[in-house]
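Okay, handing you the structure first.
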Amino acid sequence: MSTTFHGIIGYTITPFSHDGEQLDLPALGKSIDRLIAGGVHAIAPLGSTGEGAYLSDLEWQQVAEFSLAHIAKRVPTIVSVSDLTTAGAIRRAHFAQAHGADAVMVLPAAYWKLSEAEIIQHYRAIGASIDVPIMLYNNPATSGTDMSVELILKIVREVDNVTMVKESTGDIQRMHKLQMLGEGQVPFYNGCNPLALEAFVAGASGWCTAAANLIPDLNQQLYQAVLRNDLKTAKAVFYRQLPLLDFILKGGLPATIKAGLAMTGLEVGEPRRPVFALDQSGQDYLKALLQTLR
Amino acid sequence: MSTTFHGIIGYTITPFSHDGEQLDLPALGKSIDRLIAGGVHAIAPLGSTGEGAYLSDLEWQQVAEFSLAHIAKRVPTIVSVSDLTTAGAIRRAHFAQAHGADAVMVLPAAYWKLSEAEIIQHYRAIGASIDVPIMLYNNPATSGTDMSVELILKIVREVDNVTMVKESTGDIQRMHKLQMLGEGQVPFYNGCNPLALEAFVAGASGWCTAAANLIPDLNQQLYQAVLRNDLKTAKAVFYRQLPLLDFILKGGLPATIKAGLAMTGLEVGEPRRPVFALDQSGQDYLKALLQTLR
Amino acid sequence: MSTTFHGIIGYTITPFSHDGEQLDLPALGKSIDRLIAGGVHAIAPLGSTGEGAYLSDLEWQQVAEFSLAHIAKRVPTIVSVSDLTTAGAIRRAHFAQAHGADAVMVLPAAYWKLSEAEIIQHYRAIGASIDVPIMLYNNPATSGTDMSVELILKIVREVDNVTMVKESTGDIQRMHKLQMLGEGQVPFYNGCNPLALEAFVAGASGWCTAAANLIPDLNQQLYQAVLRNDLKTAKAVFYRQLPLLDFILKGGLPATIKAGLAMTGLEVGEPRRPVFALDQSGQDYLKALLQTLR
Amino acid sequence: MSTTFHGIIGYTITPFSHDGEQLDLPALGKSIDRLIAGGVHAIAPLGSTGEGAYLSDLEWQQVAEFSLAHIAKRVPTIVSVSDLTTAGAIRRAHFAQAHGADAVMVLPAAYWKLSEAEIIQHYRAIGASIDVPIMLYNNPATSGTDMSVELILKIVREVDNVTMVKESTGDIQRMHKLQMLGEGQVPFYNGCNPLALEAFVAGASGWCTAAANLIPDLNQQLYQAVLRNDLKTAKAVFYRQLPLLDFILKGGLPATIKAGLAMTGLEVGEPRRPVFALDQSGQDYLKALLQTLR
């Protein structure tokens, strides 16, 4: 099963009305258009940045359906379909495929810690229920489940349509191992913004990032410099954007990206409680940062 | 606000049909009757053991309503109302209170890591929406959020109806600190089964445990020995039941308790996927263990 | 091989001259006399509190020889002989035995992380070189090596004169495991001061503590209450001394115990650099604490 | 104070006689000649690889004096002078300077955890006692002390001759922070072999490595490719040598490097006990690896 995902893969936020209760789909449409105008090579709705975990099932479906329709194949779309239950993840994967997703992303979210056998079965069941490729996503900080590289490759071998791996532990040695043990045949993607340069250097096929909502040009320049084998430029543009990459990670992606979009003219509401909007000092810092990066 | 929670607080499982799809409320009723027959001082539905996190909103309501009606005030009931969103937790707290809960339990479940201010606001909002007492629940292994003793006591002081604390980190020094900094005025409860003896020794008011589904007599004997100031007996009955307490913790509470109930004649189905039922070797071990504890 | 170690095992400090350069053996003699007057059941020179790791080989020998001569069998003595090399630990163990030590204590200090086989061989080589019993000491915070209960019991089984275990991880469940897997036949000792009560409750034979330099009566009262099966009193005297136990752990044993001895009339100098003496605010706090505990 | 350290900085092992008791200085001389023949830009005796922590004071002095005399300024030399006491580290720093060291390296080794003030004072006292530059070395895995980037830069600012930083945590983000907060003015060096590529990419001035004893050409090729701005070649030669870099880290540097030297005709004895020599299966693996890298 081939896949064309590479380069800058932009995450969407999920806009809410001012009180946080209603979805604001028109604003979502505008944010998608911005990402595409910024040159992203693919779009990933309903991920961590998209507060997928904080939506009701109905809201999740509305966002998925709207996003796919609005992107309309202008770029490939990979929809996050993670759910605490296997049955729920299957339902979402089905829905995403039915509405045109080019791939789905699956994080093995856990309440009770999962054994390796439980994780494998989770991916196997989801894989068997759809035809599109699956990007396996490892992010113990949000999922509570840390998959070793050995386990990840076992799943890739055993489940046909798990064809891509997104790694967000922040440990670059995991990517070395994916490259070596996967013998260069398993495309992996970086989900840890401050590792953007090193991940490309280590062989990542792409960078899954919400930063593309705010600084798409700098994201592109980094990727293009790596493609051109120009390490000095890659290093320079990486360090230029690193303060922003650090800030959005530490400040929380929904809060900081939503604040940054508002600063640049697109009102998308606040994150859902208990997550707070970016506070005033954070906003001041972000505004100054964005100005230096223009 | 006074509360009468003390002693052995038994967790209910949530029985499913064989395929895991349907709730089996009659079986739930029988398991509740068993807990009460076993002498528990209170019952806690929809906690970790009760797979509350794996239920749809509708299922959650059905289990809450049925449990409260079936317990029918024979013992006090404390319903876990945790939800990833503050709005969702408030809806559940309301529902529980409306259907007769004597208290609610709140774990600050998180996808995005929560700041202290966000956690406080979460408890404040829930507290303001109900009249019954709240048991604050700290369990970083399942929630992803670790609340320091200082933060816990700040919440207890600032939110009127947060009157009880359940501690499940497994670090007995947290209980020392609750006792000392709380000046003996903040009742705390142990949620880590293998610390049952030490927690009572350190001053815990109660022990929240799913073990009461399987070995209620031994649980009672431990509590009674502590009340009688009989350390030697407390130690002896603790070490007698410790292998089971260790086993249900390591094997996962829903899987092990459901298996144990089936062995003793009450069929309650399996945990919901991706969580597996207890495997054969685990069942053999548990069966042998239960026989030695008769 | 039988051993009589039980109860309160007091650690000595190592007094230095004002500039930290010279040993002050007369002051060491006075501190030993105080410990014995305070009722300790055994004395342990050259441990963590005794800054054994910060002494030259010659100084180490002088302290060992003087301590053993001065204690003069009034109570049993257990000398810490840990060294980074196996050869060095053997030399020290020999020296201690030759000068009358009743037992030696061995922490597997490490620069390079040690494998289980390396640790076992370390204990085996030391054990083969002496006749007195060895207390195996597990304290990953200072040694950099964490020995599992399974490994500890393997060493106890394989090395004849490793007959006692001192556990300082601060995890009470390690003691449960020592009790259960050791089938009550392997005497274990608590080295984590804030766990004093729980360790005795879990079955510890003794408490290795530097607190006996400052509050020997309270230490004794706790032990005696446990022996009398009087949990309520044990709990009360434990909580009474817990603020001091917490303080000496957090403030560092050499700094806090040396400061406390000076406050009570015995000048013993400061810890060796880079370790600082207790600062003024720490001294004020400690002085107030000691006054409330008189 | 300027310094010329850059590129590949090779660590020496410390050869012992077959029984591990005696130093084998002639073999040390040969290993130094090999490093220089292999093109290292500097040599670092008595580091972790050199088992500095396992030597007596006299042995340490013999190795330091011999190494400096034998290197004889063919390349700059940086001698590790770490000691648990400040006084001991000062003595060693003095000795190294007196015998011609171009710089000294200081790891804040700790038995009792050190506060930031204690660490700063340790560096300040050593710095005041010598004139040559100090390379501050952060390696919590061996020292038990983790210095934050903020603390490191504070020391660099406050102690004149702390002019270089060696970072071995394995977290590439520490190097980003050194680069950004140090405003590109604080040269930093990588001590974590598997991060060799990423560290250079992030701006490291040099790579402190024992691998130069075995694969000096590959180490050089990596460095030269980075200097030439040729990312593709750098990546290729990095992945080529990564299995060896991983192996020597996991197998322990003294054991693996000594085994590798013996395989290539230079007998240097075994590590000192309790550290084991490389076992047979490790030797087989290493031999095969070295053959593929010829």
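Just so it is clear, A, B, C and D label the chains in written order, and each chain counts residues from 1 on its own.
The criterion applied here is as follows: contacts are C-beta pairs under 8 Å (C-beta built on N, C-alpha and C of every residue); 3 or more make two chains touch, one makes a residue touch a chain.
If you're wondering where the values come from, they're calculated on a predicted model, not measured in any experiment.
Interface comparison, B-C versus C-D: the pair with the greater number of contacting C-beta pairs is C-D. Work out the mean CA point of chain A and of chain C, and you get 52 Å between them.
We define each chain's centre as the mean of its Cα atoms; on that basis chain B and chain C are separated by 39 Å. Inter-chain centre distance (chain C to chain D, centres taken as mean C-alpha positions): 35 Å. If the chains shown are joined wherever they touch, the resulting network closes on itself as one ring, and no chain has more or fewer than two partners.
By the touch rule above, chain B contacts chain A in their complex via residues 20-21, 48, 53-54, 56-57, 84-87, 108, 110-115, 117-119, 121-122, 125, 141-142, 144, 252-254, 271-276. Chain contact summary for the complex, chain D toward chain A: residues 170, 172-173, 176, 179-180, 194-195, 197-198, 201-203, 226, 229-232, 234-235, 239, 242-243.
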